[in-house]
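By letter and in written order, the chains are A, B and C; residue numbering begins at 1 in each of them.
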Amino acid sequence: MATKARTRAKQVDAQGGDPAGTLRDYYEQMSLVRAFELRSGEMYARAKIGGYCHLNLGEEATVVGLMAAIEARDYLFTGYRDHGYALLRGLSPERVMAELFGKTTGVSGGRGGSMHLFDAETRLFGGYGIVGGQIPPATGAALALKYQESAGPDAAAVMCLLGDGTTNIGAFHESLNLAGLWKLPIVYVIVNNGLGMGTTVEKASAEPELYKRAASYRMPGLRVDGDDVLAVRDAARDALQQARESRQPVLLEVMCYRLRGHSVVDPARYRSPEDTTIAQQSDPVPSFRAELIASGVLSEADATAIDEAADARVTEAVTFAEESPEPDPDDLFAYVYATAVANAPSALPGEPVMDAL
Amino acid sequence: MNTDTDNTEAVTTRTITYRQALNETLRAELEHDEKVFLIGEEIGVFEGSYKITAGLLEDFGPDRVLDAPIAEEGFVGAALGAAMLGMRPVVEIMTINFSLIAIDQIVNHAAKMRSMFAGQVSIPLVIRMPGGGGQQLAATHSQNLEVWYAHIPGLKVVAPSTPADAKALLTAAIRDDDPVIFLENLSLYSAKGEVPDGEQIAEIGKAAVVKTGIDLTIVSYSRGTTTALEVANQLEAEGLSIEVVDLRSLRPLDRDTICASVKKTGHAVVFEDDWLSYGIGAEISATIGEGVFDFLDAPVRRVAAAEVPLPYAKSLERAALPSAADLARVVREVLNLAPATATSNDK
Amino acid sequence: MPDVIMPRLSDTMEEGELSRWMKQVGDEIHKGDVLAEIETDKATMDLEAFDNGILEQLLVAAGALVPIGAPVARIGDGSNIVADGAAPAAPTTAPTTAPTDAPTAVAPAPATAAPTSPARPTGELRTSPLARKIGREHGLDLHTIVGTGPQGRITRTDVDAAIAKQETAVTTAASAPVSAPLAVIPQPATTSTGSTDSVAVPVSRIRAVTARRLTESQAVPHFFLTSVVDVERLIAFRADANASLAALGIKVSLNDLFVRASAVALRAHPEVNASWGDGVILRHSHVNVGVAVATDDGLLVPVVTDADQKSLGAIATETRALAGLARTGGLSLAQMSGGTFTISNLGMFGIDSFTAVLNPPEAGILAIGAASDVPAVRDGVLVTVPTVKITLTVDHRVLDGAVAAAFLRDLTTLLEEPLRIVL
């Protein structure tokens, strides 16, 4: 069932199959994610962003490839390394950056932050901060789709992203079992960057070829090169097609590298120099850029212009975020319950829970 | 409570069990809204471990009554995901003890989503689960963990004590757009009571004064309320006038009703099946202290379970669980009355 | 604020000499502190404080002879300090320096002590929050109340009893005729003044509830109507009835006849068989007559339900059973609930007449005195006639004088023509 990882050579071949405009778009997207994430790291260092902050640096080809495959009608669930997916799902850099800044103009009004980006309109259904937390709800979303519509080329499906470390948590097993059992329209994508925080896949998983776990659920499992944007896109598109047309869940493993630490505050000193070197050599942004220049899709000037435009776009986002208002403490309880309920708590710290009778 | 008509005379009642009330309500809601579906272990072919879902698979089919494998985190989370897309799942967790396997989905996700995503998504999810000990199920199967959920903002936690409330609160829970923990109790399933026919929707967040009195208030919920009523009636024969407040909703907590009652009686005892420390009674005691301090004539007392993993042996189980005799004794102590001599200790 | 009195310190003592003050005006006083030395006819004894507070005034100078019970000093909260010239000169034994010494010795103390040390007199008082609140509302000094709760805590029961006692003390003092509030007989043994010759008697729950309810009833505007009933025929009727019922083992009391007569009259006067219901008058469909029964624990009022529907024999049997249960503590709440009218009979104690306190929410209660012979002229002959004085207490919110009077007139007629009671 599993396919072998594609080689980087095929990516170059694929240029023949895709219009130059599409390839240029992909580079623009990769460049935007790169610029956004670098700036996020900077803003974190400047203390504009708080909490945890996990970046997609080094995973840009994976991000762009997966988001190229998913349709607007599909639902996307991700882990906490979610900025790039939110941007490419169609959320403006302003709203995403404002969320990281904890401002009212953020995607969730500053209530979720970096790990919990959510946008109902673009069907980005989170942003989950707990490892594996997204897998059961994503599976349930697929269950709902099965109730709500028939299978077919126009049907919606669910894409559930997770990291390599996440495959070891119980929710992964329980959910994939349910999906396989109930034939749910969902594609589980393991974004395997080789490290769960500082623990390698080999040290965490008895079967480090993670896609093979699909066999337990009678589900197709395949592995693809995450530095190859087209390969990722095509594999994900195939998987989604099986999900929407045949209600066949799929497990897709995307091999990529994390360019930096687990989060912005992690210097990743645990990585060997060799591993760091490989990660840097595999960095998909400069390599895709070079390939597009070499193949004549872009000139050096075009590429530079794209990079500068991305940077300018992110600068606008930062300015917007900085200038946006902070949430008003009066709105603290605004969204706790959807259905108004008697006696809902509303006391601030130190306030009496009720007036003395 | 009765929403479908102003003509209250038209409401007829029947005496049915708590179990039957739940079963009929699930059936009515499956009929009322096609977005409602049931999911849980053994709820279909087996008709539920406690037969709450008897006959529903047959009448509504496997899509509406979905047997799940033993995977609480998976199917509770799946129900949550379905709710995010507008379905109205009603989950059965076989007992509250097993909910701990799903607690990440309930506490870290279901309870948080609406608030964390600024109202962009609602979670119309009901999770039914029975708690309670006393059936010699030993430590792992006899817990009262509702306080764990009652602690969590974003959840609503209801605990009906009668068949009528089981119906009206379950209907309300299923039609509510927020995650509702619906607490049942093994020893209530066969309890009988009058249940009004027709659609009944309770207001979540409201307690009920189920018996009025002037000398002392017993606050309880779920099975504890039935014990409280039993004790109140027994003491009434001795000339004491006991008020019983049935919480019905553990989150939100109806502090006003509790305090209004204690303001009148000046004495309060909380009767709870859970462990004493950090329990429901602790919250209620603090509430009373804050709300009606000037009206207290004695310290608030709590009658709760002994703080020990519940043993299997009957004698030990009896010793650990709070009984009617314990409650009656503490009521007398709070009222500064001599211990009863005639009544035998029923432990 | 309580006065410190000359205590009785020996069996033969009639007065004592306050030989030496051990405390000065302005001193903070705790219970048990020795205030002074007293020389009795037998020995020198300590005068101990029974209250916490500030010694505000010395009423006698050292050396004075003071009769038992007379005040010698005053302890308060420190707000009424009288240090200057208050202590009269000792009449005999200490003529030297007492008047001039006292002010100079004590004056500075309160001036400096008062602002810096609050000296709360509530120091060791153990009381429930509710008791404190009620105490504040009624201006009670909780120090004067003996707590009967756990560890001597003053609870609502205690303050309610103190309030009830205050009020009954006022009414008994004010009204000339015998005015016995419904079976709540003031307990002379209980005192709250802190004097040594009093004993605190813990009250039963029943008594506490009774106290509370009767206190509530004092807020009801009420009036009294008294009628003198010629009971000659009633007594004869009772004898006849008992003769004919003897075979059945039934014995009818005069009280049973009053219950039956009242029930019949109430049926004819539904406006009396009523109660005040927060803005409306509730007329009751059933005639349920309560009968006050004194028990060791306090007053209980078992109820004869549907007394107008029951035969005299049935009433007699039932009342006897209920009274028995009341005395043995076996009454259920149901047997004490639902009354629409109450009868209280102190005739057996030889009470001529009395007024009873309403039993809320009932609109009326009938107080029955003892039968007594009064002179009367019949067929030109001076004879004695047995009579009973009955007094109706009426809730004026429910009934006016004329309506109540009509009821009482009819009831009197029924009692005087007892055949009508059973017809």
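Going forward, a residue touches a chain if its C-beta (ideal position, glycine included) is under 8 Å from a C-beta of that chain, and two chains touch if they have at least 3 such contacts.
Fair warning: this is a prediction, and the values are worked out from it, not measured in the lab.
S.K.: Among the remaining chains, which ones contact both subunit A and subunit B?
M.R.: Joint contacts: the list comes back empty.
S.K.: Measuring from the mean of all protein Cα atoms shown, which chain centre lies nearest?
M.R.: B
S.K.: Nearest whole angstrom, what separates the Cα centre of subunit A from the Cα centre of subunit B?
M.R.: About 40 Å separates the centre of subunit A from that of subunit B.
S.K.: For subunit B and subunit C, let me know how many angstrom lie between their CA-based centres, rounded off.
M.R.: So the centroids are 47 Å from each other.
S.K.: Using mean C-alpha positions as chain centres, tell me how far subunit A is from subunit C in Å, no decimals.
M.R.: 82
S.K.: At least two partner chains per residue is the criterion; list those residues in subunit A.
M.R.: If we look for residues of subunit A contacting two or more partner chains, we find none.
S.K.: Please list all residues of subunit B that touch 2 or more other chains.
M.R.: Answer for subunit B, listing residues that touch two or more other chains: 293-295.
S.K.: For a test of understanding, state which residues of subunit B touch subunit A in their complex under the given definition.
M.R.: Within the complex, subunit B touches subunit A at residues 37, 63, 68-69, 71, 73-87, 89, 104-105, 108-109, 113-124, 153-154, 156, 176-178, 203-206, 249, 252-256, 259-260, 263, 286-287, 290-295.
S.K.: In the complex formed with subunit C, which residues of subunit B make contact?
M.R.: Within the complex, subunit B touches subunit C at residues 215, 236-237, 239-241, 266, 293-298, 333, 335-337.
S.K.: Provide the residue numbers of subunit C that touch subunit B in the complex, in ascending order.
M.R.: 128-133, 148-150, 153, 155-157, 205-206, 209, 331-333, 336
S.K.: If we count contacts the way the header does, which residues on subunit A are in touch with subunit B in the complex?
M.R.: Interface residues on subunit A, with respect to subunit B: 75, 108-109, 111-112, 116, 118-120, 125-126, 128, 130, 132-133, 135-145, 147-148, 170-171, 174-175, 177-178, 181, 334-339, 341-345, 352-357.
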